[in-house]
Amino acid sequence: MTLDLVVRQALQTLFVIAAAPLLTGWIRQCRAWLGNRTGAGILQPVRELRKLFRKEPVVASEASALFVATPYILFAAMVLAGAIVPMVATRMPLAAAADAVALAGLFALTRVFAALAAMDLGTAFASMGARRTMLVGFLAEPALLMVLFTPALISGSTSLIVIVRHLAGHGFVLYPSMAFAAAAYLMVTLAENARLPVDNPETHLELTMIHEALNLEYSGRYLALIEWGAGMKLLVYIGIGVALFLPWGITQSHGLAALPGAFALFAVKLAAAGAGLAVIETLLAKLRLFRVPEFLGTAFLLAVLGLLVRYLLGS
Amino acid sequence: MMLLLIVIIPLLGAGFFGVFGHRQWAFSANIAFSAGTFLAACAMTVRVLHGGPILAFHQQFFIDPLNVFLVDLTAFVALTTSVFSRAYMRIEGHTGRLNPARLRVYHAMYQLFIFTMLLALTTNNIGVLWIAMEGATLSTALLVSLYRTPASLEAAWKYFILCGVGIALALFGTIMVYFAAHGVLGAYRALLWTHLDGVKDRLDPAIMTIAFVFLIVGYGTKVGLVPMHNWLPDAHAEGPTPISAVLSGLLLNVALYAIVRFKVLASGDTGAHWPGALMMGFGLASVLVAAFSLARQRDVKRLFSYSSIEHMGLATFAFGMGGPLATFAALLHMTVHSLTKSSVFFTSGHVAQKAGTQDMDRITGVMDRNPAMGWTLMLGSLAILGIPPFGIFASEFLILTAALRQDPWSVPFLILGLGVAFAAIFRKTQAMVFGATEIPRAPSPPSVFPSVLHLALVFGLGLYIPHALAVWYTEAARLAGP
Amino acid sequence: MPSFTSVINLFAALFLLVAFAMLSQRRLANLINLYAWQGAILSLGIATTAYGTGNTHLYASAALNGILKILVVPILLRRLVRRLDVQWDRESLVRIPTTMLIGLALVIFAFNASLPIAGLAHTVNHETVGIALASVLLSLLMMILRTTALSQVIGFLALENGLIFAATSVTYGMPMVIEFGIALDVIVGVFILGVFFFHIREQFDSLDLNRIEGRED
């Protein structure tokens, strides 16, 4: 019985760690296809990570311990998040900690560390990236919380497990409020993971980059950890989105028999989400930075509207 | 069927002028159509005098003491205005401000406007009432901008948008009333005022509260109640003078009539006080704001349109007080104000036309140039200021008496407003009428007659109210002022 | 809860969403498209209500609203935009995020104000009256904040959409005659406004109302 739980937990955690580079690769591959290019294959990020791990990391002489510790903190935080979000099963020992607000807090924590580490060296670009990250985060967080509150209101709890059980247990019900929340969540996901139209993950254009600016001073295994963590962050966001808006197929049973099916279904959902993301990124152009507040303001608005609609219509 | 005739004649007129409105004889035809309407109204009045209230055409139309005198008043002012417009608009045509196309629009829209006014008055259906009020906005918007000057376009735009929004709010109020009555009366009769009146104590008070707030703001925009009054001075000042006269003399009355109808419903059988209090608040605010704005006006038509806001505020206030005396006074005030104000607009329109400007600083010596016009302007201004023995004195006196008895706190405000208005208007018109001028004497214009006729009527009403009218007012006051 | 109610609720929610989108949209062509979308949602919502309640006269209302607001009025407006050659609204008086916040406050107000109404209505879709009231207020806000004549008019038309929506949600619509009257007023209004725009253009070479009001008094 207990073994059961541990196996499930371990499998999901390993899956998140392993699948993150593949997801990144898959999105890049989709974008390449949509752009009529051949693409480097979905294993390319894995090769990049391997190369980075082999290289000798160079750390600036002024760097403090915080600078060195941050990649590990980011990576560990994302592993933790990947472990607690119910992606394939609700019965997991750590899933009890999967509180929506706590997750938002965890993401905020990683952002603070990333920003602090970037400012540690005092270089211009990194500080600029830190400021921009904080700006985006500052705007995205309230929207994210509002998004999380809508399903929380419907199910009566902020625990992701309860939400999943409630939503998946009732079959398909059309919730207008959830449609609003889902749209807002998508916008927040794009912003938080430095995707288009907020940030372009494929360029290092000085004036517009956000995420890349943060990592400019990192190299070798530190950079690998950060990139890997970023991949996991995206995966976790998709996982939360799946749990909130498409919870069907997450197994609630005790045995391990349903697990392969659940994993397969989740992988399909991930692939679909990745492909959808690629389509969105192909269609959208990057927003000017001072339009980002409008973008996230809209996300916030949608989320609040979802909440209000939920209050008014009870649906 | 007499009742339908009142509505049909102006509608036919609108269609007719849509084709022939640019001809030279259209002016006279306009008078003919208005006279036809007036005659139909008179005939209908005689029937009501003998036979009592009428319900007609599947109960969609009705005449009761409250609207019968307003129908007569509307038809009468429409007639005299058409007489005035014949002289006035001809001169405008000669000075090149009007071409045939505009003239056609003018005549067609004039009759259409009269049609919407009479439809709003005689309909028993509050939905149709709304449609007619919206139609009134639509038909007059193009009239306000008839001269196509920048100022008149701005005025018309303001008029259209503000009244459009107001009327939209009134639609929401109407929907709410329908909603409240829907459960009690069923779908078909829930819009008929006579039925609504019968069950007004069973309409849900919460919904009626919301409904009446929307209705008073909505229709109040058309009455020109402060703070929704912004469109009124512009629309009056920039449109052709006959339109200023009918806007002030008819449209404001009819909009106020709509509010009063709904107030009866909202007050319910118990005579709830809050709808009245709301009306008193709006009314008092209008009196004060308008009075203090008067002194700052330089345009003669703007001056008198602010005075319209003031007087409509006074009537709204009196209706809001309720009770037989105040409502009687309010009805009388509506009548005499309508007559006096259109008369004043006639004269000041002519004066401005002759002087070539509406700027009061540049109009002087009217008395020297044309004694008839000087006298009518002076007497009209005195009448509008409530100098005895004109009718406005009687109605204002009655309103103040009622206020003293029912709501004494309001009397100082009213007197303040009236006093300030008196000073402002008197100072301005006095300077216009007297004062030196170099321009030679002009012959008396042919259309002094409508102004004089109106003033004579107001004078008469100040001295003696005919028995039939008094009976109506009393009846109407019983209906409208629980 | 019958399932069509949730469909109506979805339409109501989308209706509100479009109202917000109109508030933030500055391109006139898009604004007109949004208006057509709103008309489509309104019409579908009414049709769903008709289907759910078996109220046949609502089908007529749905058809009337559909024809008027998806086809006639947008076509008229597009033609106006083309002939007047206006594309963009000016930057509005208040920044868009601020506008959105004001809009949210209005929605909360409308939802609260509508609670007593919704509580008394017996229609299946009575809860949506709050949304209708909210979109009425949002359209009003749009009219206040916009400075171009054409976008004010679209705000006005959206306002009317909201009112029809309100009528449908509390009483399954007004009697047909009245709805026809309202529709007639809308069409005539749009026509008169069209005439008006050309006059304004003739005089000012612009539909920008600030320029009109900047005129010396």
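Letters A, B and C mark the chains as written, and numbering starts fresh at 1 in each.
Quick note on the criterion: a contact is a pair of C-beta atoms (placed from the backbone, for glycine too) under 8 Å apart; a residue touches a chain by one contact, two chains touch by 3 or more.
Please read all numbers here as calculations on a predicted model, not as lab measurements.
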* **Greatest separation from subunit C - chain, by CA centre** => A
* Chain nearest the global centroid, as defined over all protein CA atoms shown -> C
* Asked: Distance from the CA centroid of subunit A to that of subunit C, rounded to the nearest Å?
  -> 38
* Averaged-CA centre spacing for the pair subunit B and subunit A, given as whole angstrom -> 66
* Between subunit B and subunit C, centroid-to-centroid distance (C-alpha), Å -> 31
* **Contact footprint of subunit C on subunit A as seen in their complex** => 173-177, 179-180, 293-294, 297-298, 301-302, 304-305, 308-309, 311-315
* Okay, in this complex, where on subunit C does subunit B touch? -> 113, 116-117, 120-122, 133, 136, 140, 143, 149, 152, 156, 159-160, 163, 166-167, 170-171, 174-175, 177-178, 181-182, 184-185, 188-189, 192-193, 195-196, 199-200, 202-204, 209, 212-213, 215
* Asked: Quick one: in the complex, what on subunit C touches subunit A?
  -> 1, 3, 5-7, 9-10, 12-14, 16-17, 20, 24, 96-97, 100, 103-104, 107-108, 111, 114, 127-128, 130-131
* Report the residues of subunit B in contact with subunit C in the complex, numbered from low to high. => 125, 127-128, 130-131, 134-135, 138, 141-142, 145, 148-151, 153-154, 156-157, 160-161, 164-165, 168, 171-172, 175-176, 178-179, 182-183, 187-188, 191, 204, 206-207, 210
